[in-house]
Amino acid sequence: MGSLIGRHFRVMTFGESHGPALGVVIDGLPAGLALGLEDLRRDLERRRPGQSPYATARKESDEPEILSGLTEGGLTNGAPLAVLIRNRDARSGDYAAISRIFRPGHADWTYFKKYGLTPQPGGGRSSGRETVARVAAGAVARALLKPLGVTARAASLALGPVRAIKRDWDFAESNPLRFLDPDLYDQAEAAVAGAKKDGDSIGSAVELSARGLPVGWGDPVFDKLEAKLGRAFFSIGAVRAVEFGEGLALSAMLGSEANDPMGPEGPLSDRHGGVLGGISTGRELTARLFAKPTPSIAIDGDSVDLEGQPVKVATGGRHDPCLSPRLAPVAEAMCLIVLADFCLAGPAKWPPA
Amino acid sequence: MGSLIGRHFRVMTFGESHGPALGVVIDGLPAGLALGLEDLRRDLERRRPGQSPYATARKESDEPEILSGLTEGGLTNGAPLAVLIRNRDARSGDYAAISRIFRPGHADWTYFKKYGLTPQPGGGRSSGRETVARVAAGAVARALLKPLGVTARAASLALGPVRAIKRDWDFAESNPLRFLDPDLYDQAEAAVAGAKKDGDSIGSAVELSARGLPVGWGDPVFDKLEAKLGRAFFSIGAVRAVEFGEGLALSAMLGSEANDPMGPEGPLSDRHGGVLGGISTGRELTARLFAKPTPSIAIDGDSVDLEGQPVKVATGGRHDPCLSPRLAPVAEAMCLIVLADFCLAGPAKWPPA
Amino acid sequence: MGSLIGRHFRVMTFGESHGPALGVVIDGLPAGLALGLEDLRRDLERRRPGQSPYATARKESDEPEILSGLTEGGLTNGAPLAVLIRNRDARSGDYAAISRIFRPGHADWTYFKKYGLTPQPGGGRSSGRETVARVAAGAVARALLKPLGVTARAASLALGPVRAIKRDWDFAESNPLRFLDPDLYDQAEAAVAGAKKDGDSIGSAVELSARGLPVGWGDPVFDKLEAKLGRAFFSIGAVRAVEFGEGLALSAMLGSEANDPMGPEGPLSDRHGGVLGGISTGRELTARLFAKPTPSIAIDGDSVDLEGQPVKVATGGRHDPCLSPRLAPVAEAMCLIVLADFCLAGPAKWPPA
Amino acid sequence: MGSLIGRHFRVMTFGESHGPALGVVIDGLPAGLALGLEDLRRDLERRRPGQSPYATARKESDEPEILSGLTEGGLTNGAPLAVLIRNRDARSGDYAAISRIFRPGHADWTYFKKYGLTPQPGGGRSSGRETVARVAAGAVARALLKPLGVTARAASLALGPVRAIKRDWDFAESNPLRFLDPDLYDQAEAAVAGAKKDGDSIGSAVELSARGLPVGWGDPVFDKLEAKLGRAFFSIGAVRAVEFGEGLALSAMLGSEANDPMGPEGPLSDRHGGVLGGISTGRELTARLFAKPTPSIAIDGDSVDLEGQPVKVATGGRHDPCLSPRLAPVAEAMCLIVLADFCLAGPAKWPPA
């Protein structure tokens, strides 16, 4: 099961939705970085469930414990950093009724066919709860990148059909849907509220922005910055489309429109989204992630049970009516994990300075 | 330089646009597979330049040589398979004039900053010519997957603003732009021809379809099928957006619309694009790749030279006015390489049957 | 910090001697394997300190907790298995006196130079305590290999200058030094007891035997069975020499003596130690690991402090006078981890049966 | 087939004994290193067959061709470097007679069982000829390490029962057996000549020494310097034992004898062989590799044919009567490849200087 990511900043996550705990081990951290629980808590808090009417009501404190990797003085010691987050509010009972049914839009059936296991409570490893370990790793990556001046942030770009025109990042942090556009907020909220009232869910999109990258991160051919980020973003459960810079729109442009002119300090505009030839240009890195609606809904859908008999199934449990508000911190985490990996790469010129 | 991809079917490519040769070594091939030059030639021919008014006029025979990995009887022997393709028509002279200028939209500047090297003829490793090695590897993957009944094909979905509505795969193979829709072909060709006449280029998109996958390819969390494919697709130079299944459109849907109903043999529809929970469902795998216009154009753009002085630059050399016709075989290759990797994975259940 | 091993059975360990906990995450386990705390306890118990006059007096229960990777019914679920072992008896006080001194024969100085950190209590990550996580992983590997009939065991082959002639494996399990030869036990014990009485330590060696391997594990060139095992064995702190089969003795033989004759079921003798061309022959796999004496001794040695001033240092704390009795279960673990990795490899012939 | 080694300096080799060519692709080389055919030829020449009465009479020029990775000015360009060496003198005819017989001491039988293939001419991928690609990669590693002042050399330490007492490295380079001890040369040569006259072969050992390493190469736990070197050395076909520093002898010492005293610049003696805690101390790195006799001999041995019928087999073809003279450059290459990998690792302290 592909729970490892990174060549230099190597992240291995573990844990299931309703198991004892989730966590992550990070190998490859250099020594001497000041790191504490506060660094982890800040990011985990942004992802934590139970905080808004538009997020699952599952109550998890998501309090991290650092098991290894720090000196007594709170510096990384070069050894693997392990973080543990115990599950507190795993109501397996909610799932008992559907343990013999393959929920539509979920991984139940593919897991069953691949692993031979009946659906596990809360989706087991396929649950969105798995992302808590990613966010913990992302928080460590954020701390690692901070001395280099590299930052990343993400927010809701679209909620169902309502897509932000303005980008107001402060506003995004202040509203429960993390939506970027104050002018369209009421429309966006109405779309989500409407879906929720109907027991339905709605699709969404996230915009991600990373700043402060030096020129030169990313490797040609298969390890282009977009390739590594593309893998990282598509590894998030609900993401069905990803674009960088002007993205899809570039496919309808002329070359004379699309090329960013060059100045002595690099590209003078940023249609390319911060990457040329797979290598960071030093300009803002921008990406957009498009997510399907939460597959868990209270509306009956057609499915089958373990014996293949047709059933109607509505998914109980506690779920987010749309994903982008909580997807945003996960997208940040995945971006930071990839950037941390590049920041730890060895020299590209020889002999080293 | 990230020239390695794959965990089981491990592909390492090499070669520059104007160097002596390009090639690929594939480690991890099982023994006993019948493989010959014909398998390679068929795919290389589909990518070869110089075949249409809408492709670069560079003349390359792209004749492969197999250096290792086969028995005298033409079966793989379990050892690495190495394929060599010599460059024949590398006119470095075309590039002499621009060797001191950073071409807009190209990797010249980021390579210069990262590696400390002045622009190399034809872009060196960053050239689209690098993809010939990918196509060779993809041809080997295709042969490996054939006994399992797994196939992949790709064609032009959009040429600039003209997007196919119909999917006529036979038609796509018969027209020089590999465009899918016969009804819109004239419009699409006009868009490309217009750009070419102006010395300009135009964006495009590719649709990819893979069939015959068994249920169960792809691993949870970071090695989801889309994650691995996402990396592979975004590793292709010009690709700026990727989507799977209904992709971006899902982000504006309700959950009740988006969920594919389940039957005893799996999903009954295919909005998910052949993957659930990162694992293949056995249905058609579909993806779309959106490419920026070829950055090399005959229209002056603003740039700087090595000393940082402003210059106007039009890119000589021989280039494709739009990328999708030749991107299609590359997209197929990357898809096949990823699928080959999964087909060689070990058992997911224990003890093995 | 290289805390990851394995391509298919991927083991990442964490934890320091005097930190909160040690542990391991294993990614790549197939689903359906019955596994419980008892499997872990059995192996951990064999490595546990405080059990004999010839082992450190540190008291650790080494009680494992499984954090993830199992179904409610106690089967592996295909997800990463995480095991946690808390430190109970970490007396950092013992180390306070020497925290500013580089202990001879230890990693204090190289860690200081590499990571910029003053010596950590108990050696931090460089402590032999780190091996508890390896043994936990080895126990999982043992359970995985059991249905295939593959087993591994190790015992003390030599204690200082006393080298076993007989191999009595039952006897080895019944004496505190795990020594193989009942006839020479008194001599061996006297060597260890003498060193201990003098506050000194003594070198030792371990013999390892694995049985039940199918023909065909191991890959040519860089992933030969001995290559993977060689890395695994030399990753154990004190190991300074490793041999396979007749090992070193083969370097003084003639070819006509060294070649094992072949019969229809493979080699008829086993000078090669179960491997030919890097691939298992199905015969007994044998290896010997030679360990230096425990560097922690109560006899003053010459060293320097953080300021580079000469000091005499005797290492307090609680230490094993010789390593082989507790090295044996670690050697087994490393062997099992490597074998588990091979047992999960994909098909070597195509198409798969 | 495990033909890839290295995390940063990634080496993939290919080629069979009697195929068209052998070669290597190296990914991860930084840009700006001056490298030419002379660098490769020097090392390839030291390994080349046909140069002494004590080496196979196979005539190979082993002339390398560099296919990629260099600028026109002869500097590495950061892209993969590919080296091709064509086979010239592959007399498959020599092997026709034994293509249906499993040669004792060879990989024929294990390859047959694993890959389902009858013995390939010259052993195919299992041939010692495969090491030509390692030596090419080692030559590149040597050039990379040169500006850092890191060097490695190896020579024959033992020929059969005759083991060098003196180490005269200049002498070793001047005699056909590369034997280290001028006083014992006649004895050593007699041992080899005797075996050769009888159509037999004889075991041997190599001593390796690397100098100029900075303090700090090697990573704790599984990527210790000895662990990585151990894998690399045991990946060489005939190697059956490896030791570092005082090696096996340490297992019979007391701790008070074995510990190297520490001074302000590190260890004051070098029983540890240049590594403490898996990390280089800056002192001389020493290792010894013990090789079995060449299994190919002209004396009849017992074996079976493809049908399992007993046969007597003497191995025709052209073979080295003892391996250490040509093993020495291979051991150097493997050491250099591992060291190059560490020299390209990222920062161990944070923030980077």
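As written, the chain order gives the labels A, B, C and D, with residue 1 at the start of each chain.
Here is the rule we go by: contacts are C-beta pairs under 8 Å (C-beta built on N, C-alpha and C of every residue); 3 or more make two chains touch, one makes a residue touch a chain.
None of the values given here were measured: they were computed from a predicted structure.
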item: Reference chain D; chain at largest CA-centroid distance; value: A
item: Chain C against chain B, contact positions shared by both copies (same if over half, else different); value: same
item: Mean-CA-position distance for chain B and chain A (Å); value: 26
item: Between chain B and chain C, centroid-to-centroid distance (C-alpha), Å; value: 46
item: Whole-Å gap between the CA centroids of chain A and chain C; value: 38
item: Residue list for chain A, restricted to those that touch at least two other chains; value: 1-4, 13, 29-32, 78-79, 111, 114-116, 125, 220, 348-349
item: Interfacial residue positions of chain C with respect to chain B in the complex; value: 7-8, 29-33, 76, 78-79, 144, 147-148, 220, 344-352
item: Complex interface listing, chain A residues touching chain C; value: 1-4, 10, 12-16, 19-23, 25, 27-32, 65-72, 75, 77-82, 84, 111, 114-117, 120-121, 124-125
item: List of chain D residues in touch with chain C within their complex; value: 1-5, 13, 102, 104-111, 113-116, 125-126, 130, 158, 160-161, 195, 200-205, 215-216, 218-224, 226-235, 237, 239-248, 250-264, 266-268, 272-273, 276-281, 290-297, 299, 301-304, 308, 310, 348-349
